[in-house]
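Down below is the structure, laid out as structure tokens.
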Amino acid sequence: MELALFLSVGAIAILGAVGVVTLRNAVHSALSLITNMVALAVLFLMLNAQFVAIVQIIVYAGAVMVLFLFVIMLLGEKAQESRERLPGQRVFAIALGALLLAEIIYVAQPNLLPGLPGKATTDMVAQGGNVQLVGRLLLSDYVFPFELTSVLLLVAIVGAVVLAKRKL
Amino acid sequence: MDFVVPTVDLGSIAPALLVLATALLVLVGELFTAPGRKGALAVLALLGVAGATAKSFLLWGQSETAFGGMVALDNYGLFFGLIFLIALGMTVLLSVRYLDQMDMDHGEYYVLLLLATFGMMLMASGTDLIVIFLGLEILSLSLYVLAGFARTDLRAQEAALKYFLLGAFSSGFLLYGAALTYAATGTTNLARIVGFLAQAGVAGNPLLWIAVGLLMVGFGFKVATVPFQMWVPDVYQGAPTPVTAFMSVGAKAAGFAGFLRVFLYAFPALSVDWTWLLAALAVLTMTLGNVVAIAQGDIKRMLAYSSIAHAGYLLVAMASNSQAGVSAVLFYLVAYAFTNLGAFAVVVYLARQGQEALELSDYAGLGSRAPLVALAMTTFMVSLAGVPPTAGFVAKFYLFGAAVEAGLVWLAVIGVLNSVISAYYYLRLIVIMYMREPSALLALAESTVGAIFKI
Amino acid sequence: MVPVSYYLILSGILFTIGTVGILVRRNALVIFMSIEVMLNAVNLTFLAAGRYLNSLDGQVIVLLVLTVAAAEVAVGLALIVAIFRSRGTTDVDEVNLLKW
Amino acid sequence: MLYQAWIIPILPLLGAATNAFLGARLGKRFVSLVACGTVGLAFWGSAWVFADLTRLPAGERLAMLPMYQWISAGDFQVNFALQVDPLSAVMLLVVSGVSFLIHVYSTGYMAEDRGYARYFTYLNLFVFSMLLLVTANNFLVLYVGWELVGLCSYLLIGFWYERKAAADAGKKAFIVNRVGDLGFALGVMLIFVTFGSLDYQDVFAGAPQMLAVGSVTATTITLLLFVGATGKSAQIPLYVWLPDAMEGPTPVSALIHAATMVTAGVYMVARTHALFELAPFSLSVVATIGAVTAFYAATIALVQADIKRMLAYSTISQLGYMFLAVGVGAYAAGIFHLTTHAFFKALLFLGAGSVMHALGGETNMLKMGGLRLKLPVTYWAFVVGALAISGFPGLSGFFSKDAILWQAFASPRGGIALWAMGLATGALTAFYALRAVFLTFHGESRLTWEAERHVHEPPSSMALPLGLLAALAALGGYLGLPHILGGSDALGSFLAPVFLDQANTALETQAPGNELGLMGLAVLAAFLGMGLAWYFYLARPEAPGALARRLGGLYALLANKYYVDEIYGGLVVQPLVALAHFLGEGFEIAVIDGVVNGVGRTVAASGAWLRRLQTGFVRNYALSIFLGAVIVLGYFLFR
Amino acid sequence: MNQLGFPLLSAIVYLPLAGAAAVLAVDGRNPALVKATAFLFSSLTLLASLPLYLFFQADTAAMQFVEKVPWVESLGINYQMGIDGISLWLVLLTTFLSAIAILSSWSAITTRAKEYYAVMLVLETGMIGVFVATDLFLFYVFWEAMLIPMYLLIGIWGGPSRIYAAVKFFLYTMAGGVLMLVGILALYFINHAVTGVYTFDLLELRKLNLDFWAQLWLFLAFSVAFAIKVPMFPFHTWLPDAHVEAPTAGSVLLAGVLLKMGTYGFVRFSLPLFPAAARELSSIIAALAIIGIVYGALVSLVQEDVKKLVAYSSVSHLGFVMLGLFAFNSQGVQGGILQMINHGLSTGALFLIVGMLYERRHTRMIADFGGLWKAIPLFSMALLVVSLASIGLPGLNGFVGEFLILVGAFRHDWLWAAFGATGVILSAVYMLWMLQRMVFGELKSQQNQGLRDLSAREVLVLAPIIVLIFLIGVYPWPFLKPMEASTQALLAEVKSKGQVLVLDGIQAEGIPMARQDLYR
């Protein structure tokens, strides 16, 4: 059951991703990306990451992709891409992609993850609540990176303003 | 499950925080300075640099970790911090007049420089892959924007776009590497990775290998080793010259800061393998950088290839995987910072209203037009070539010394031979400055090509 | 429970698709979306690993990565807009002044 | 004076220096005074030394004159040191004496020349070098003198540097001499390596103990030294420079290329006889080369039209005699012939010079004739010289040549073959000497009208030396009047202590009749030659032409000097020059430079090619990153 | 040992540098002042170097006038200078030729005179530094640093294809130099691995007994640098270009001093540091030297540019020096060192003379001349004397050196001497032929008839050299004596060390290295 769910959702995610890459129209690509993200959100849920899944839907599939679509519309570009000018690029890309995949699959053996086990067993998470635990972790162990993201966002804001504003 | 809020030890990252605070001050100050008076912001930025520098010296010799092992206060980080501050300070100095002449005198410029420096300092002192990644992203985002700061310049835009796309692409690899490291070891903290590997060994954990490889790709992009170097010439050429200077010194140093910290500290257990790979990359990087630099006619592009080559030299030291190697990298970066910034300073100095002297032929006859500038440029070129009695020589001396000490004599030999190749194009600038007449521009172009093929 | 390797393989597939997308598409926006696919794949890895190691760190990191992605999107889209304004195209092959 | 003998060579050096620095300013009188004065003083000193020496007991006639420490490197210690012994003393006298006469002669001969001071500078320098050579106390000083005389020869042959032929000849002389010197130098080195010293007394005293008779080392050393001698003394195969050397002023030819320098080889072999005695093979090589050269050069001399060239080949031939002498161990006889030859050959050259002087530089005997009436002094001097060289009984050449022939026949190292060659050479010598006399001074005048008018006897400065030399050429033989003719062989017994009576006691056992008989044969041969010369050039002037036509091939062979110059040119010079051209214009540029530039070009070309990888397409860049990533991961997985 | 108690060597090294500063400081619009300043400082340096000879103690092989100050103590780098009998003459030669070269530039240099003299003086500092440094690091610094002024000298004030020549010179010599750098580093770490001491002190490193393979590799690394500088066949191709294109004074110093650095390097470093390798490879080096002798001479023969002819003759002459050095006996080595001086004098003088001619006629093609003796006898006489010195005529300096070398070579292997001596013949061939075509023959060309003979200044430039040429030829003993003790010591060292092979396993590679914590 779980496996079947995984496989079907995984297939949707892959299809979404393939759609992003293959669809001619940028809007269609964006919609495929949303599909992909939603599918991933489901997988996140299966991995006991409820909070992240929610955030994925709201922030990512929602806000960020809307921004994408908005820009696509704003630029209103023709859907068709011009003629491919780099012969072999596609072939190379796919061949190398296959190799990369092969390398990843080669190492992704079933008896993996002998890493340091954490204390957050499923039971414990169920007890403490996923959102609470993640939130507390974010503000304790990860408080420093958390604060750094604010700086990152500041950079993004300043940068976006600098680049996109017509007149500074 | 218990959570311990770590001690918020701001003192340990005080220099970085000073830089950040300055950035915020400048951002606010931008609102209150009239156009054309932005030089005041530069002064403010310099004050911040001075403060951070002073603080770094005060902290010198201390050794502690903070924020639950996310960052470390150590001489390594402080030293890199000082390199970044040097780069920052000199870039700010270079920029004031340049921005004015190029008509892009905006306070955000300084803000982004300061924020980028903040990111660099985090990369140098972060001891967690996530912190290093965030520092790298702060740095990169700032630089993407700075590269395109000349917003109406098509080349600058192109540089920014290329830098951005490739940067994001490669940081994806870096992040994937971090994720697989996490998967393989259960942590992203360097100290704990060391501890885990020491206890569990590396055998039978293939994820780790992929993880290390991906990290290498990410850092390799940042420090511009072959084959991850392709962005460098285009971006260096398109970006505003002071930004190029800053990138070539600061960003490269930051990349090495993270690279060294992660590989030499966290993954010595795998060093047998990655040193060989690094050695191979070093050879490719040095050689390609130097060989292609010969064929360049634009000084910024030439310096870009030269900086690729220098990354190759630094990899030589890194491949020697020793204390001496680290010291060599540090010293080399300092020497390189001064000389490379100096070279770019000359390029900036020769810029005139809205126009820059970028073709090598623009430098013809500089020896008689501006003898002191030419002398300075000569010194920088000689130093970059690593000829005594310059700092560049001493740096190379340390660097190849480290390689020899580590038994990588062959690598040192290839390195020194590369520095001979590099001498060719550095010397060519000297040739042009002193031995060509400025009038005969056409003749020059031809004879330069001729000389290239003659040699 | 689904073996962790399945998740890793899935994320590998997604990551690969993202990279290939960057290589084959010319529209800057689509390239950009491909990068998002890559980042999402990485997130899946973090979460899967965290789940199987009983560690919540993965989830926290994913949140941070989401922020990074958002910041990148902001800058990236601004950049694309700016380029479109001056060149009237988002085709990256057209952005080809600097070479050799 | 014996221990102040170092002054003797110094004097001409001072003269040379004075003339070099002041000569151009102070005029010809001053120059001639200095030049002749210093050499005259040197002669006077030599005479004094000689006198001092004779006053000593025969066994003690050796004076060592160490001057200063010259070269020292490790155990290689060489002093600049001179010595005087009977051999040196004879050479001193001959050299300084003939030199003095020729200096005097030159003041007349060169009176009109622009390079007067330069000429005397060189000439004085030559005298210095030659005196150094003969008084050296070790092999290195000998070598110095040896090379310096070569230098002076070079400078003087090329004295009229504006004439290409002169400059060429000078160069040829120097280079051919250098080839010989190479052998000499190697010989000296081998001596040092063998004996650890270059001093004569160490080497000569040590030689019999350290080297067995006939040992390889001794043979090698002596052969190497002899290579040097063939160069300097113009023996086969290195004689080719001497005929060309006639491009120099005639007094120079007289002094350097006849009387003194070319005899250095003979002197050297005599000087080092202690070594040669240990190498019988070398001695026979010396004798054979000498005999062959004597005959060979004489045949060439037969047909020369140029009077100086004829004399040059004659010199080569006579030098061959001397080597024949030293080769059979007749060192004293060799030196004796050296001395008499110095007299009569200098005389012949000066006579020829006098003729040339009179004819405005003409050297072709076929364009002369009938000069005996116009130039009586010259004529008589020349005739004396010609008869002396022909071995006319009673004149100097007769005695010295006879001494050689006798020993070549009687010495155990000699033999019939050597003797026969010497005898035949004697006949040829008489022929060409008289041929020169007849062509030049007898018969119809073949002068142009212009030249005819110009003919005049030389000034007294030239005539006087001619006369003196004629006297010496006539009477010089009595220095060594053989015992068999009631003489005392004064020269031989004076030199005897030097040669330690090496000149074999075997001779004593020969019957006196043999010696007389051989002497008679020699006289017969000489007269035969003279008679033929008379027949061909006075009695039947058309006969030589007819004979030449009859023996066309042989004549051409002789007239072209056996084509040796051409053979050397084809075998040595041209290949060497071709090699040099190949190396300098081909190999150097294509290979040596080509490799270096090729490396540079390759690097630059790779740069130009590799930069094309930077296509400017961002997707290509991404591909490169991707490729790198796959490779890096692959490396880590399959390491 | 420092018999003066005064850092004289440093003074000699840095006096020209101070001169360069002074030249740059004076008013460039007054060329006479610039020249006078430059000449003043170079003559002061020459004067200052004379006490080196006067106070030199010929009876010891130890370094003299030593200065030793710790420089970078953590790395064992010392500021260490000293001279012995081997370097004494080279230092003096340098100061002597530098002063002459500066004097000779009086009228040849008209553009950027100020910079020119400054560069010349900087070059002098570098050259002297190479000969007095006894710390490998310091030596290397001087060795490479000296390239830059020479590069500028050729590149700015040189002939038509000066840039090509300058770049070729720089890159070629640098390529050798950097390999030596690796060698120095390897030696340094090997020494540390053996003795536990970090030092670049030559005298300390000489105590090291390396195993054969380490010696071999290090010898090669060092020797490539030296061989290029010498230059030995087949590494000589930079030399004709550099010599021909350089301004006269540059050629003088190139030929007179720079080439000697290569041979000096062999004596000072390659032989005592790696004696076993040196002995093992001596036949190969001698073979190359002999090829160089013959090859250089043959190529000289066909040159049409007289400067090029002289340049190739240097290849030949330096071959003699190498032959002597690798004969491993005192005749060879002392002859070699003396021949370095001789070559410096005679070839330096040849370049000066050619330069003087070029100033007058603006051509160096042999074919453009002929019969010069008639027009300019003084000049021709000088050329004659110097050429004769160059072909080793007895009584002049070249003879003593060449003969000693050949004696040394003969002692080692008579074939070396036999082949080497052919160079003596060939040198006569090309030199005399050159003389014949330039000085002798008819004075045909109209332009050559009006030439002016040597000026008083030019006589002043040449006279000291010619005096020395005669002096060394006639009385070489004072020149040979000071080098005797040092040579003996060197040979003893080469012999004694050359046969011992100890410390197996210590090689240029694989030095064990302790990992240390990176963060403290």
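As written, the chain order gives the labels A, B, C, D and E, with residue 1 at the start of each chain.
Going forward, a contact is a pair of C-beta atoms (placed from the backbone, for glycine too) under 8 Å apart; a residue touches a chain by one contact, two chains touch by 3 or more.
Note that the coordinates shown come from a computational prediction; the quantities given were computed from them, not determined experimentally.
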| item | value |
| --- | --- |
| Centroid-based (C-alpha) most distant chain relative to chain D | A |
| Chain whose Cα mean lies nearest the overall Cα mean | E |
| Two chains joined by the most C-beta pairs in contact, as defined above | A-C |
| Inter-chain centre distance, chain A versus chain E - centres from mean C-alpha coordinates, in Å | 69 |
| Distance from the mean Cα position of chain B to that of chain A, given in whole angstrom | 30 |
| Centre distance in Å when chain B and chain E are each reduced to the mean of their C-alpha atoms | 42 |
| CA centroid of chain C to CA centroid of chain E, Å | 64 |
| Chain A, residues touching no fewer than two other chains | 85-86, 89, 92-93, 96-97, 100, 103-104, 106-109, 112-113, 115-120, 133, 137, 141-142, 145, 149, 152, 155-156, 159, 161, 163 |
| Overlap residues in chain E, where contacts from two or more other chains coincide | 168, 171 |
| Residues of chain B whose C-beta touches two or more other chains | 130, 134, 137, 141, 144-145, 148, 151, 160-162, 165, 169, 182-183, 186-187, 206-207, 209-210, 233-234, 424, 454-455 |
| Chain-to-chain touches, reported pairwise for every pair that qualifies | A-B, A-C, A-D, B-C, B-D, B-E, C-D, D-E |
| For the chain B and chain D complex, residues of the former touching the latter | 161-162, 165-166, 169-170, 173, 206, 209-210, 212-214, 216-217, 220-221, 226-228, 230-231, 233-234, 273-274, 277, 288, 291-296, 421, 424, 452-455 |
| Complex interface listing, chain B residues touching chain C | 130, 133-134, 137, 141, 144-145, 148, 151-152, 154-155, 157-162, 164-165, 168-169, 172, 175-176, 178-180, 182-183, 186-188, 207, 233-234, 237-238 |
| Parts of chain E lying in touch with chain B, wherever the complex brings them together | 112, 137, 140-145, 147-148, 151-152, 155-156, 162-164, 166-168, 170-171, 174-175, 178-179, 181-182, 185-186, 188-189, 508-511, 513, 515-520 |
| Parts of chain E lying in touch with chain D, wherever the complex brings them together | 168, 171-172, 234, 236-238, 295, 298-303, 312, 329-331, 334-335, 371, 373-374, 388, 393-395, 399-400, 403-404, 406-408, 410-411, 414, 417-418, 421-422, 424-425, 428-429, 432-433, 436, 439-443, 475-477, 480-481, 484, 487-488 |
| Of all residues in chain B, those that touch chain A in their complex | 1, 3-6, 8, 20, 27, 66-68, 70-71, 106, 108, 111-112, 115, 118-119, 122, 128, 130-131, 134-135, 137-138, 141-142, 144-145, 148-149, 151, 160, 182-187, 192, 196, 200, 204-207, 209-210 |
